[in-house]
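One chain, subunit A, links the two complexes that follow: it is found with subunit B in the first and with subunit C in the second.
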Partner chain A sequence: MSFIIYVLINTVFVLLISPLLMGLIKKVKALAQGRRGVPLLQIYFLLAKLLKKENVYSTNSSFITRIAPYLNITFTAAASLFVPLVFIPDPVAGIGNVILFLYLLVMAKFFMALAGLDAGSAFGGMGSSREMSISAVIEPGVIIVVAAIAFVLKTYNIPQMFALTLASPIFNSATLLLISISLFIVLITETSRVPVDNPETHLELTMVHEAMILEYTGPNLALMEMSHAIKQTLLMGLLINILFPWGLATALTPGGLLLAALMFFVKSLVLAVIIGLFESLTAKWRLFALPKLFMLAYALAFLTIVVELLV
Partner chain B sequence: MALLVPSLIAYALACLLPLVFLRKDNKAIRQVSYGLILIASAFLTILALKIFISNQPISAVLLQITPGLGFSVFLDRLAALFIFIIAIVSVSFAIYSFNYAEHTGSHIRKNLLAAFSGLFILSMVLFVASGNIFSQLLFWELMSLTSFFLVMFDYEKQETQKSGLFYFVMTQMSTLFLMFAFILIYNITGSFDLQPLSGASPAMQGVIFVSLFIGFGIKAGIMPFHKWLPYAHSASPSNVSALMSGVMIKVAIYGLVRYLVFVLEPELWWGVVILVFGVVSALLGVIYALKEHDIKRLLAYHSIENIGIILIGIGLYVIFRAYGLPELAFLSLAAALFHTLNHALFKSLLFMTAGSVVMVMSTRNIEKMGGLIKKMPYTATLFLIGAVAISALPPLNGFVSELMIFQAFFQSFSLGSPSLIILLFIGLSLFALTSALAAACFVKAFGIIFLATPRSEEAANAREVAPGMIIGPAILAALCFLFGIGSYQIFTYLGYHLPIPDMLVISLILIGFLAAFLLAMRLVSNRQKRFSDTWACGLPALMPAWNTPLPVFPTPY
Partner chain C sequence: MKKQKTDSENRNIAGICLSLFEDKTKKEAYLPVSEKELTDLFHQLDKKEIGLISLFGAENFNGAPGLTLFYVLEKKDSPNIVLLEHKLASGEIASLVSRFPAAGWFEREVQDGFGITFLNAFDTRRLFLHEVYPDGFHPMLKSFRNTGCFSGRESGKLPGAPYKFKRFEGEGVYEIPVGPVHAGIIEPGHFRFSVIGETVLGLEIRMFYKHRGIEKLAEGKSPADCVAVAEAISGDESMSNAAAFCMAVERISALAVPNRAWQLRTIMLELERIYSHLGDLAGMMVDVAYPVGAVNFFNLREEILRHNKNFSGSRFLKGILCPGGLKKDVPAPALTALAAYLPEFTRRFQKAVDLVYHSPSAIDRMETTGIINEKLIRPLNITGPAARASGAIIDTRVDHPYGLYPSLNIHIVTGAKGDVLSRFNVKAEEIRNSAAMIQAILPEIKDGPVRTDAVIKDGYALTMVEAARGQSVHWVYIKDGVISRYKVRTASFCNWQAIEHAVIGNIVPDFPLINKSLNLSYAGTDL
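Right after this comes the complex of A and B.
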């Protein structure tokens, strides 16, 4: 029973807060560039507007284009159950398995990449090809990061990881700080941000994620944007709750949940500022220079494992 | 036994019938022959499931030539698993061949194809069922020879001649190494029976292991003994490619596992050797696949990759066993064997659907294809299911077995030796790279073959294939779902309590979310739609050549 309540609370919270975090980062970037920027809630208006528009399909496209937005959001939403944002449930049926979490996100990406190829446009194919290449090159880093976390905390279940870090008074282990840098690089890469990708550009040859969803409009685009926002929240939540889990509720009380939601919002606000500033301060890198960034993530995570072995 | 002997006879009949009427162009005889394969395989599937579930081994002597030398049958859970793999793929193969085999050249050739297919399956079944070394070696050689004839099917093509000869040499090398190992075993035990080699010195065991590993490794396509595999698998007819890639290379895995688990006493360094060869095969296999434009060769390289993944599981098993960690050892072995089954299912599915495409297109070059999803929707959907399964994406079967290997890797911190842990974590990261590259490769393959616009006359005029060529692979596709979603329940039913997520629950959650989002969108969104051309950058029409990201796809590596 408590699990069903958890599903409802976590899903609703993720759906509500994800566009806000997107808006926050946009706002931070605008302020860093000396602009006033769009209102914080602009993304919600954008999604509402998209829902009112009609879907336009390419005459070249097949059913892949039609099912991809739904599969994308379904798999991303299912992945959201693996990262508790306000309340840590008891483990049920292996939900929280970190590998399954990663692969649910890959499944969403797989169909997005196929949809990019479906319309036969020159941009979509470029986007899909680059997205899959980048995701393949970062993959060893991602796995070593989660393996290192599993190594430090001796569990590969995300809610249990959070419970463990929550139970300890200060950082569970100093090495978690090392991993968090790698996790940040993973976050930047997986959410298609500078220096890997540029979320601002349209119709530029540099873009990756935007190129894949270029053919979408209307409600389908709203679904794609929403799943992208959810994915970002999940990765932010993973980073936040492993480093600073304080405030997470372990019992289902309205007061505790409210406090946890508020705490999470404050913590994600800080992270959003960091991401926004990081994005304003760096330029986009060449595609072929990216492996250097990924090697950094890999090396730091590997260092964690070595340090843990020596201690 | 009541099922085994009749099925063996049925396979033999399926082989003899077309040979007797070799010069007659009679479709009915060939259909009867494939029908016999179908019935025999269905019986064998039931038999294998019975032994597998009851876990009661059967053994019998089929024929005693002289005392100590003869043909005997021994089927335990391990053998039953591989009999199941052979039989279930053969069921699908037979249904597929009803239609496919009628498109393969002159009538004598069609008759020969049916005959050799029967013999090929028979030899594989007999190898796995063999209860002693002598019959194993004999049926191993029979399997090699029949598969050689099947590779040489299009014998007048120069490419095929080269592939066939190469395959023949490699396969005889394999038999040579196995024979060497078997002679050593015979020298120690003094009998042809499969029994634990407890008396032998570690050095002798090591020598036997190395020659068995090379012998079976050549057949399984382990790097660096893989060179024959892409040539042989692409030269043979597509239904045979499905058998070779899906089943034959698994028979080699059976041999390796049988000797590692039941006969030899593995040491730590064996595990490291198997693991390293596994990682190298997996990684290089997928990298070769990425730059391949020939669809069948692309799939063949993926077979090398997946054999690598299976070997990683076996290597972890040996390492954990040597360190006295039975639970982790079992998890790794279960992962390897489960992946063997899964790979047989989705690789045969992919080879058959690719075979349909190649038959329609009369070319294996994927650059000439494109847009086939609209002409061949069923074939495309089946290929997509295979692609999702081989890319190890949840909730299909390929994911579950790779997840088990990941989990075994993650727990390697329980090993005592730091240097070994470091080695395993390097292995883990390369394994992760492999599975991500596989996903990239199948986005490429599916996208270029089936999506966007046709890039040749044949692609524009393509038609959906005959029903048999859809039903055959569809059985395998359904099993990919079953073994993925039901994995936890199946393992629990068999009495193995593994720490894996319950995919049934995950799937129910997925269905729930999908239904919720469909309903929500139906209520709140604008449901009108419009069709329009893809934006062609301001030019009058889209160039079909633009939608080939081929030059772009492999370059980032």
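Right after this comes the complex of A and C.
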């Protein structure tokens, strides 16, 4: 019973907060540039507008283009169950494995890349090829990061990781601080942000993520945008709740849940500001210079394991 | 001299041509040549010294029926311009493209406009006439009347043959067609990339989606009316192009422009350079996804545009020039406001540039990206900041001085590497120099008339200005008090071909940055 309530609460919370976090980062970037920026709630209006429109398909596209948005949102929504944002449920078999979590996200990415290729446009193909190349290079890094976290906390289960860090004193392990840098790089890469990709660009030749969804309109585009926003929330949630889990509810009480939701919002606000500033302070890197960034994530994660072994 | 005239077949044409460059009395010299002499001349001239900067035709020139071609030559360290005048006997002439690659687009432009065949040309595809125009349609001929919209489909004739792009073949080579409609709000142009992975193997640029028939539109207009046509050539070069046009009319009619008018014109020409370069610097920062670096340039550009408005009534400095000077005087408060603003501008501009120089990620993107080899400058006739960033010491304000410039101390800014960073540096330095130049002129301005009333005479003249993007060449031919032929060759027309070379070996995602570092005008290419 408590698990069903968890599913409901977590899913609704993720759906509600994800566009807001997108808007927050946009706002921070706008302010850093001395602009007023779009209203915080603009993304909700955008999604509502897109949902009212019709889908338009290229005559060259196959069924892949039609099913990819649904598969995408399904995989991402399933992955969202693995990351408790406000309430840690009792362990349930099959839910929470961090490796499974990663590959659910990869499945979503896989179908997005297929959809990019499907319509046969040069830009979609370019986006898919770049996204897959970047994925291939960052993947060993991601695995090592996850392995390091699992090694430090001695569990593969994400809710258990959160429960462990919540129960222990602040920074129960300094190595977690080290690994958080790697996690941050993974977050930036997986959410297609500067210096890896530029979410605000209109230059079709430089796009990665945007190029793959260039052919989409209407409700399909809304689903793609939404799953991208959810993915970002999940990765942010992972980083926040491993490092600063304070406020996470362990029991189902309305007051506790409310406080947990509020706490998560405040913490994600801080992280959004950091992401926004980070994006503002650097230019996009050369495509072939990116492995250097990924190597940093890899090296820090590796160092975490070594330090953990020695201590 | 006498012998040369009587025995024109055997005269030493190269010697005559070179002596015209040394002639201190004339800025522009016209040398009638036969076809054989033309070919001989181009084989004898030193390609490093002499460049072909424009080629155009004019029908019924000086009462002679048929088409006359003008080959415009420029020589290093000579302020003179020599125009080789060749009266065409037939519809064919030998191509010069193997000798002067810049002639490629020039010849194709003449071919489309007048229906002339250039023999032995590498590339005889149409240039500005796209497929919708029927075969045999040549809009620059006097027999074609400029009336309303023209559509090849309506004419009932079949459109011309489809355009064939260069093809690169091999394992793993694929094409990326980009444009003419782009994701951003920019002008239309088609870019055909051939790539292996991300590396660009070849790029072919197809322009001319903006053809407005500007040169045709000018024909039959009075010089005063034609200023607006010159201003419409390219939106952000309106001042330069209008100034070059007015200078041509002034030279034909021997009008003396009052000093005050030239002082104000020079200020506006430099303001145009400043706002144009500011837009380029901002654009480069946007294209490397560093908007925090771009925003300062955008703000300064906006402030300059507002000063333009005070100055001329137009943010893009339109509607103030006329042959003989200025249509109206610049209000005194605009001058004092600009004088008060410039020191602050320079200080804030320096801070904005420093911010970029302190951003290693932005510098890394620009360094070694999109190198224009210095060897290409003469053959392709690359001009302006693009050429200076590759080390060429050329600037029309110094090489062919006009207006107030001979009295001003102009420092030609050059770079060494020819990459995007060099172009960024050159443009930044030019903004500082232009601001200093304006500050030097402002206190010198005395009250006085701003216009000599124009009495238009018939004749022809070639003038050049250094627009923000480089040398802009204008040739005006007035007959019976109206324009009979107006030919414009903007810097963009030549510099597009530099991009085709600059991107080779770079990766596709760096192309927008390379393109923005030159920031050429699409409209200015396609008149």
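Brief remarks follow.
Note that in this section the second predicted complex is superposed on the first by the 310 of 311 C-alpha atoms of A that agree within 3 Å, B and C clash if a C-alpha of one lies under 4 Å from a C-alpha of the other, contacts with A are read in each partner's own complex, and residues count from 1 in each chain.
What we mean here is this: a residue touches a chain if its C-beta (ideal position, glycine included) is under 8 Å from a C-beta of that chain, and two chains touch if they have at least 3 such contacts.
These numbers come from a predicted model, not from an experiment.
Residue contacts after overlaying the shared chain place A:Leu287 against subunit B and subunit C alike. In the superposed model, A:Ile9 makes contact with neither subunit B nor subunit C. Using the contact criterion defined above for the overlaid structures, shared-chain residue A:Met126 touches subunit B and also reaches subunit C.
Counting the residues of subunit A that each partner touches, subunit B and subunit C differ, and the larger count belongs to B. Touch criterion not met for A:Leu271: it reaches neither subunit B nor subunit C.
Residue contacts after overlaying the shared chain place A:Leu81 against subunit B, while subunit C stays out of touching range.
Common to the subunit B-facing and subunit C-facing surfaces of subunit A are residues 122, 126, 130, 287-288.
Across the complex, subunit C meets subunit A through its residues 175-178, 182-185, 198, 285, 287-295, 299, 359, 361-362, 364-365, 507-512. Within the complex formed with subunit C, the subunit A residues making contact are 29, 32-35, 122-123, 126, 130, 194-195, 198, 200-206, 214, 280-289. Per the touch definition, subunit B reaches subunit A in the complex via residues 370-371, 373-374, 388, 391-394, 399, 403, 406-407, 409-410, 413, 418, 421-422, 425, 428-433, 435-437, 439-440, 443-444, 446-448, 450-453, 488, 499-502, 505-506, 509-510, 513-514, 517-518, 521, 524-526, 528-535, 537, 542, 544, 546-549, 552-553, 556-557. The residues of subunit A lying in touch with subunit B in their complex are 7, 51-64, 70-71, 73-75, 77-78, 81, 92-95, 97, 99-100, 103-104, 106-107, 110, 113-114, 117-122, 125-126, 128-130, 132-137, 139-144, 147, 150-151, 154, 156, 215, 218-219, 222-223, 287-288, 298, 302, 305-306, 309-310.
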